[in-house]
Amino acid sequence: MFYHVKELQFNARVSKPDPVFARLLLEQFGGSNGELKAAMQYFTQAFTCKQPYPDKYDLLMDIATEEFSHLEIVGATIQMLLGGINGELKDAAEESEIMQLLDGKAAKESFMHQAMFNPQFAVLSGGGPTLTDSNGTPWTAAYVTANGDLTVDLRSNIASESRAKIVYEYLIKFTEDPYVKETLRFLMTREVAHYQQFEAALSTIQPNFPPGILQSDPRHSNTYYNMSNGAEVRGPWNSGESSQLGETWQYIADPIQYVRETSGLQGLKPTGTDRTEKTVEKMNKALSEERSEEVTSALPKGENQWSTYSK
Amino acid sequence: MFYHVKELQFNARVSKPDPVFARLLLEQFGGSNGELKAAMQYFTQAFTCKQPYPDKYDLLMDIATEEFSHLEIVGATIQMLLGGINGELKDAAEESEIMQLLDGKAAKESFMHQAMFNPQFAVLSGGGPTLTDSNGTPWTAAYVTANGDLTVDLRSNIASESRAKIVYEYLIKFTEDPYVKETLRFLMTREVAHYQQFEAALSTIQPNFPPGILQSDPRHSNTYYNMSNGAEVRGPWNSGESSQLGETWQYIADPIQYVRETSGLQGLKPTGTDRTEKTVEKMNKALSEERSEEVTSALPKGENQWSTYSK
Amino acid sequence: MFYHVKELQFNARVSKPDPVFARLLLEQFGGSNGELKAAMQYFTQAFTCKQPYPDKYDLLMDIATEEFSHLEIVGATIQMLLGGINGELKDAAEESEIMQLLDGKAAKESFMHQAMFNPQFAVLSGGGPTLTDSNGTPWTAAYVTANGDLTVDLRSNIASESRAKIVYEYLIKFTEDPYVKETLRFLMTREVAHYQQFEAALSTIQPNFPPGILQSDPRHSNTYYNMSNGAEVRGPWNSGESSQLGETWQYIADPIQYVRETSGLQGLKPTGTDRTEKTVEKMNKALSEERSEEVTSALPKGENQWSTYSK
Amino acid sequence: MFYHVKELQFNARVSKPDPVFARLLLEQFGGSNGELKAAMQYFTQAFTCKQPYPDKYDLLMDIATEEFSHLEIVGATIQMLLGGINGELKDAAEESEIMQLLDGKAAKESFMHQAMFNPQFAVLSGGGPTLTDSNGTPWTAAYVTANGDLTVDLRSNIASESRAKIVYEYLIKFTEDPYVKETLRFLMTREVAHYQQFEAALSTIQPNFPPGILQSDPRHSNTYYNMSNGAEVRGPWNSGESSQLGETWQYIADPIQYVRETSGLQGLKPTGTDRTEKTVEKMNKALSEERSEEVTSALPKGENQWSTYSK
Amino acid sequence: MFYHVKELQFNARVSKPDPVFARLLLEQFGGSNGELKAAMQYFTQAFTCKQPYPDKYDLLMDIATEEFSHLEIVGATIQMLLGGINGELKDAAEESEIMQLLDGKAAKESFMHQAMFNPQFAVLSGGGPTLTDSNGTPWTAAYVTANGDLTVDLRSNIASESRAKIVYEYLIKFTEDPYVKETLRFLMTREVAHYQQFEAALSTIQPNFPPGILQSDPRHSNTYYNMSNGAEVRGPWNSGESSQLGETWQYIADPIQYVRETSGLQGLKPTGTDRTEKTVEKMNKALSEERSEEVTSALPKGENQWSTYSK
Amino acid sequence: MFYHVKELQFNARVSKPDPVFARLLLEQFGGSNGELKAAMQYFTQAFTCKQPYPDKYDLLMDIATEEFSHLEIVGATIQMLLGGINGELKDAAEESEIMQLLDGKAAKESFMHQAMFNPQFAVLSGGGPTLTDSNGTPWTAAYVTANGDLTVDLRSNIASESRAKIVYEYLIKFTEDPYVKETLRFLMTREVAHYQQFEAALSTIQPNFPPGILQSDPRHSNTYYNMSNGAEVRGPWNSGESSQLGETWQYIADPIQYVRETSGLQGLKPTGTDRTEKTVEKMNKALSEERSEEVTSALPKGENQWSTYSK
């Protein structure tokens, strides 16, 4: 069950209305890397995670709840930045200064004259936040990923926090309001904190590479295809050892020729790796057994109840 | 700020897994009239409403929070109905009975054989809920309406609750699980309760018809255009008095002829109504003044702070 | 069958081109509460409604047809407001004054210099309306609701008309063109008229509360959960009698404690209401029988024909 | 203005309910190549077309109106194919045979047991059509193209009619109901008729190749890039003369080498064509003048009125 | 397999940054008629086409690959037009001139002051292209059509090339940069070249009208419904002979009356055509046999392999 | 420039048609974590990355090109799995065994009888792949993230590869075809290889934590809010040292009380960390200077050219 506390988690304030920055800030309200995306992602992931990882379930729900609280902060800030628009619209019988948006007269006196004003603040939302990004695209669950495997989901979350962080970093450059800057900096910092929390959670699941259960095929796991004609560019991603498996990168300098010669990569043998088909199979079986056992043993047989109420 | 309580608001249980019903139930998780839509709609509306209606703000946030809690109930139920899928998928090295989904062998023994199984439960979400409707369409904020005028928003909410109610009613017919039925009935009933709460809130704003500020034009407010060729059908919607304004319906039996004769409805005089251009204008001005004053006086000048912390 | 009349229902005119207002007006052409949404909603609802409510089918089709006619008025107005853009674009070999849009030179002389110009008018639609909202989001059927129960659908329509009304009210503030104002006022007024028509239709179906067939559970129908920590706010939505069922609101001041004490709302008895499980069941059966009989008896057995042609 | 006639344009009938085919048929109701797409495309195109092509405006509105009439036929057929579902759902208090959908009991007796049943017919639309394609994706205006140039729009329409035709052809294979087959064949035939009508309209605009105004650059208009490594495949699209301009195709057998040798296609001269930069420029100017003049002279100065009412 | 060449197909350059034009150009990067749409459309169509038309498969893949190469040119041009934004954003600790976007100070000195700047360049993409159209709507596969019949798909492609051409034509009017103009002209010209290539390919499939296999019904193939009340407008699309079948157009002047008299077009006989039900059936059978034979004989039985590697 | 090689990178084969698995496999063709998403993500990111990281630009383009090659493998496999559908549809005049899809007769003999068949294979795509996920939702660029900062983008890619890997792992469980299994295993393995390549690239950029430039605020960077009422759950994510900054986690056991006492987190001092406002500011400035210098010095002044052709 959720519960609402009337105070915001952070004391969000604005110095004065600024509808243009309100538009930019929509990116974190209804945008692809915004607070709603984060909240819904962790919330949705939590369901499969509850068994067999009740501690991670708790982590996901805690952060999801904090992200909802941040969504509220962002919405409140947008509302304050939109200041008097709602009031002007209520003055429906008068041709008020809102008209200056269109004819440019006395534009300097009106906070709505600016170039990048979002028309939907004026004629759709009545001067409140819209559940869209800064270009008016409605929020979609296509932003949310939840794949039922915590070694995958936590990596998705680390990346999501990284993106949310950079968007706050960009936003900070576009306001001079010290109160708004302070709020944005708080929100940006929390993304960095969550990043480390997800990373710590991932480290408690071992092994966690590759994500999921099945090991990679040793015949294809350490090849690099030089798919771009021109000068060869080398780096630790295609020479030396691979970062996780410690296999030696095999550089395929001319993929067209290589693919033809091997009839489409048929009949290869593992090279530059100690792993074999056998060791892989063994690992696959062992991990399959372990992980499926974890889930199955945690699940009640037949009748099921979510909360720990006495039946 | 939001807060999470580990127990569900309602003690949701299932008798046994049922992935087909889990698919149907997605309609209330990530569907157009589901719990997320309701929660996000009231939450978004609340921002413009806080000034000048702090009591309605409270109502909107209370119900939004309850809807989030219902979203959690629905997600937990879907997860329980999907039972062992996550565990079977973790058994990645084995060709388990999950294969029966495809070849139909021993289909009766497997709960996954059914016709309407959602493929994304198997290959995308890993046996957890997806933020989509029952056909896999991702949730979109296009479902949410928030228009910055409470006489409009509350009507939107009354309609939203009506739709959520009927979807639960339909769903109840498709499960025989007494636990699930009980949960659905609770959720359905809450929609009816919310319906009445929104209606009560609307009645405290007077006048509230027409929604918004501007009165309708008395020359066009009580005409009915018989746009369908064939037998005339009459009812209280085109004969007698109109439900709210008490004007007499004017029935335009032949709109093509009427529009041509009036050169596109030019030069009309109000008929069947006591309202005139003058009374309308007066009403528009009075209500504009009153409502914009309410907002403006409630808003702080310049610097603004959302919560009631001491500055 | 539909038929087109060359004249518009209302004699739409513009005083001069105004591409910025054309952009705002897109909200009513391809926007979430615009004329296409209204037309498609009533049109789609009409199919299930035809049996057993042929009179309401007629009403829905009449208003749907009028909304299509309004869509045409809105499109025509946008086209007139976009005035010469199509002609300028056809002058493809010349660097005409259209360039002023970009470099700002002589911006005052060009009607296209304004801040909020929609780029797709210039480079996609060739100076005509686009089937999008004012921010360029394509119209989607996600806006349309049709749920196969008239007590629900009519409420959806009352809300839809309310939203369309307020959007016209907002739009009126953003143009000074008296012709455009006149057209908008006509269109706004028609939404108010339709509102009352749908309300009148709803009143002819009795009982119509709650929407649909199933009655609410008397154990959960009159409780109010105070989900927000802080000062208690009371109003007719959580004290006194409920608006439709006349039950006494039960105020749950501390939902966390209440839910825990009741093990998730188990074992409750109806309070503050005369309705019982028995009266509810009786009502459910009676209404089920009546309403399903209405549909079934209206439907032909086996072979079916839509129109009343002789077979 | 639109007008509705109570009879369908074609006497649509069904022999018996068939909810699976109803699902397939959604493709032509709310699908990407369906009747709504066609209707909205021609309707939207008509606005820019009215000046300077009032005769083509008429053609577009005539066919748009016919497509709306076909949308009605498709919707009515879906409704009839869904037969008794709405009635069964109204019988909300009973566990009726609708349950057989889930448990497979007596599936042969129920028309709803079939594999491909659309769940939203059951729990969202109440047994009526949904404005989606056969997989439940909501209709979107992204399907509609209108580009403000009739030589482009008519080609879009020829292609749209082709796609609509093939979808009807495919659908015909999936029903054995002679009534439904008859209706589908009528609808399919009309697409072929519209195809020829659009083609005839295009032929009256001369020149109409290339679409739009600007001529192609003679240095790049007749080259064919063999972008696929392997055996060269030749045909009239890369050898001999080009179909419209009568230029000789220049086959670039090795694009990588060619692009490098020409520093990215710099410094080329026209080959295999009589057109030169000069003739192109002349043509561009002449056509620009002619076409922009057509639009400009057709548009009223300043004040504008859409219909031919006396002002 | 695809392969990347480090050089662009065309030597794309810009004279100086121009973020406003960068926004317009998005229309061809992630817009409805842009290069990605073209590339994905031909690529997707190619799969069904490979059998029985390996030569057309080759054509589709060649042009798809060229369109990907054009997508790269468009993206590179946008990146160059966005010039220093990425660098300014990296200077995260400074309140740089990027602020002028908001307060208008010294706007003339900053290239980011312009009205139509895309906010997502600033706060989402970090100064790079976004996979959206010029209004920020994300690219969707709803733009792509592939219908498994080459006589349909090639017509779709001719229309797509026409739309892409006109959008480039419009874009050319909005830049004065000679380098950008040169690139746009190259890209526009290639659309015209592809148009002719698709047309040539279509001409090699005979018969290709109507698209697909089934012939139109001679009772409905040459009628024109005058669906618009008012003056009759006649042209080669409703008088004389039809363009492809050479049938005489039958003009239905009053469709309402006609439909009623014929009880919804029942009992008609073919008029103005030599085709009969018999000739149609014969043609249907012959073409069905031929075309299905072509596909079936080209397909391997049972086991299948895509490339021509030795098994 | 891109180039196409006629052979697939991997010799994809199928043992026999299997349209149901073809539907599941759509998840990797047009689904949210599929090959198109991967290809478009790396391709889009590459543009901002070219300056100042030409080596990572190369890496991104190499992998993007390989992902396009994988998209081709997936499409080819789907096409082979759909086997004879295209041929059956071409046999348009016959009521072939395709009908068994609907009536279930002889279902065992037909490969199209299965429950989860995708209707659009039959009536839209003509038996070819559709650019959708397994539920028919069209691919959308909302899946793609590109944020103009390589420390963010590479993390997004590591997560994307993780999700693509798990979807292949799930898919492998749903086919018994050894050829298809072999192809899926190759594709799955390549995701693991790419994962390590992106990780290696990230490690060459130092410092890379937090992603972007700005350091986190030391007052908020190491707090954990226990947002869930109930038993406290502790782990390395809220006790001990944080994973990247080595700060000591501060556990806020009762966030409601804490937020109130601090008036919304005002007046805090950094605790459990050595970082101060000053060290943060210094770091921000130094990194801002370094990173913006890298970009700016790499960018040409004024005129710009993408490829290294001689000007």
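By written order: A, B, C, D, E and F. Residues from 1 in each chain.
Following the convention adopted for this analysis, a residue touches a chain if its C-beta (ideal position, glycine included) is under 8 Å from a C-beta of that chain, and two chains touch if they have at least 3 such contacts.
Just so we're clear, the structure is a prediction, and the values are computed from it rather than from any experiment.
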| item | value |
| --- | --- |
| Distance-maximising chain from subunit A - centres being C-alpha averages | D |
| Chain whose average C-alpha position is farthest from subunit F's own | C |
| Separation of mean Cα positions, subunit F and subunit C [Å, integer] | 37 |
| Interchain centroid distance [CA atoms averaged], subunit D/subunit F, Å | 33 |
| Whole-Å separation of chain centres (CA-atom averages), subunit C against subunit D | 27 |
| Residues within subunit D bordering two or more other chains | 1-9, 11-12, 32-33, 61-62, 65, 69, 88-89, 92, 114-116, 124, 126, 132, 135-138, 140, 142, 147-149, 166-167, 169, 172, 212-214, 227-229, 255-256, 259, 263-264, 266, 307, 309 |
| Arrangement of touching chains [line / ring / star / complete / other] | other |
| Contacting chain pairs - touch in the sense defined above | A-B, A-C, A-E, A-F, B-C, B-D, B-F, C-D, C-E, D-E, D-F, E-F |
| Contact set on subunit C toward subunit B in their complex | 3, 5, 7-12, 32-33, 54-55, 58-59, 61-63, 65-66, 69, 140, 142-143, 145, 147-149, 151-152, 155-156, 158-160, 162-163, 165-167, 169, 172, 185-186, 188-190, 192-193, 195-201, 203-204, 210-214, 216-217, 219-229, 233, 235-238, 242-245, 255-256, 259-260, 263-266 |
| Residue ranges of subunit F touching subunit B (in the complex, touch as defined) | 18, 20-21, 23-24, 27, 31-33, 114-116, 133-137, 166-167, 169-176, 227-231, 255-256, 259, 263-264, 266 |
| Sites on subunit A touched by subunit B in the complex | 1-9, 11-16, 30, 36, 40, 43-45, 47-48, 50, 61-62, 64-65, 68-69, 72, 75-80, 83-84, 86-94, 124-132, 138-142, 144, 146-149, 179, 212-214, 281, 284-285, 287-289, 291-292, 294-296, 299, 302-309, 311 |
| Footprint of subunit A on subunit E - complex, ascending | 1-7, 88-89, 92, 95-96, 98-99, 101-104, 113-120, 122-124, 126, 132, 135-138, 307, 309-310 |
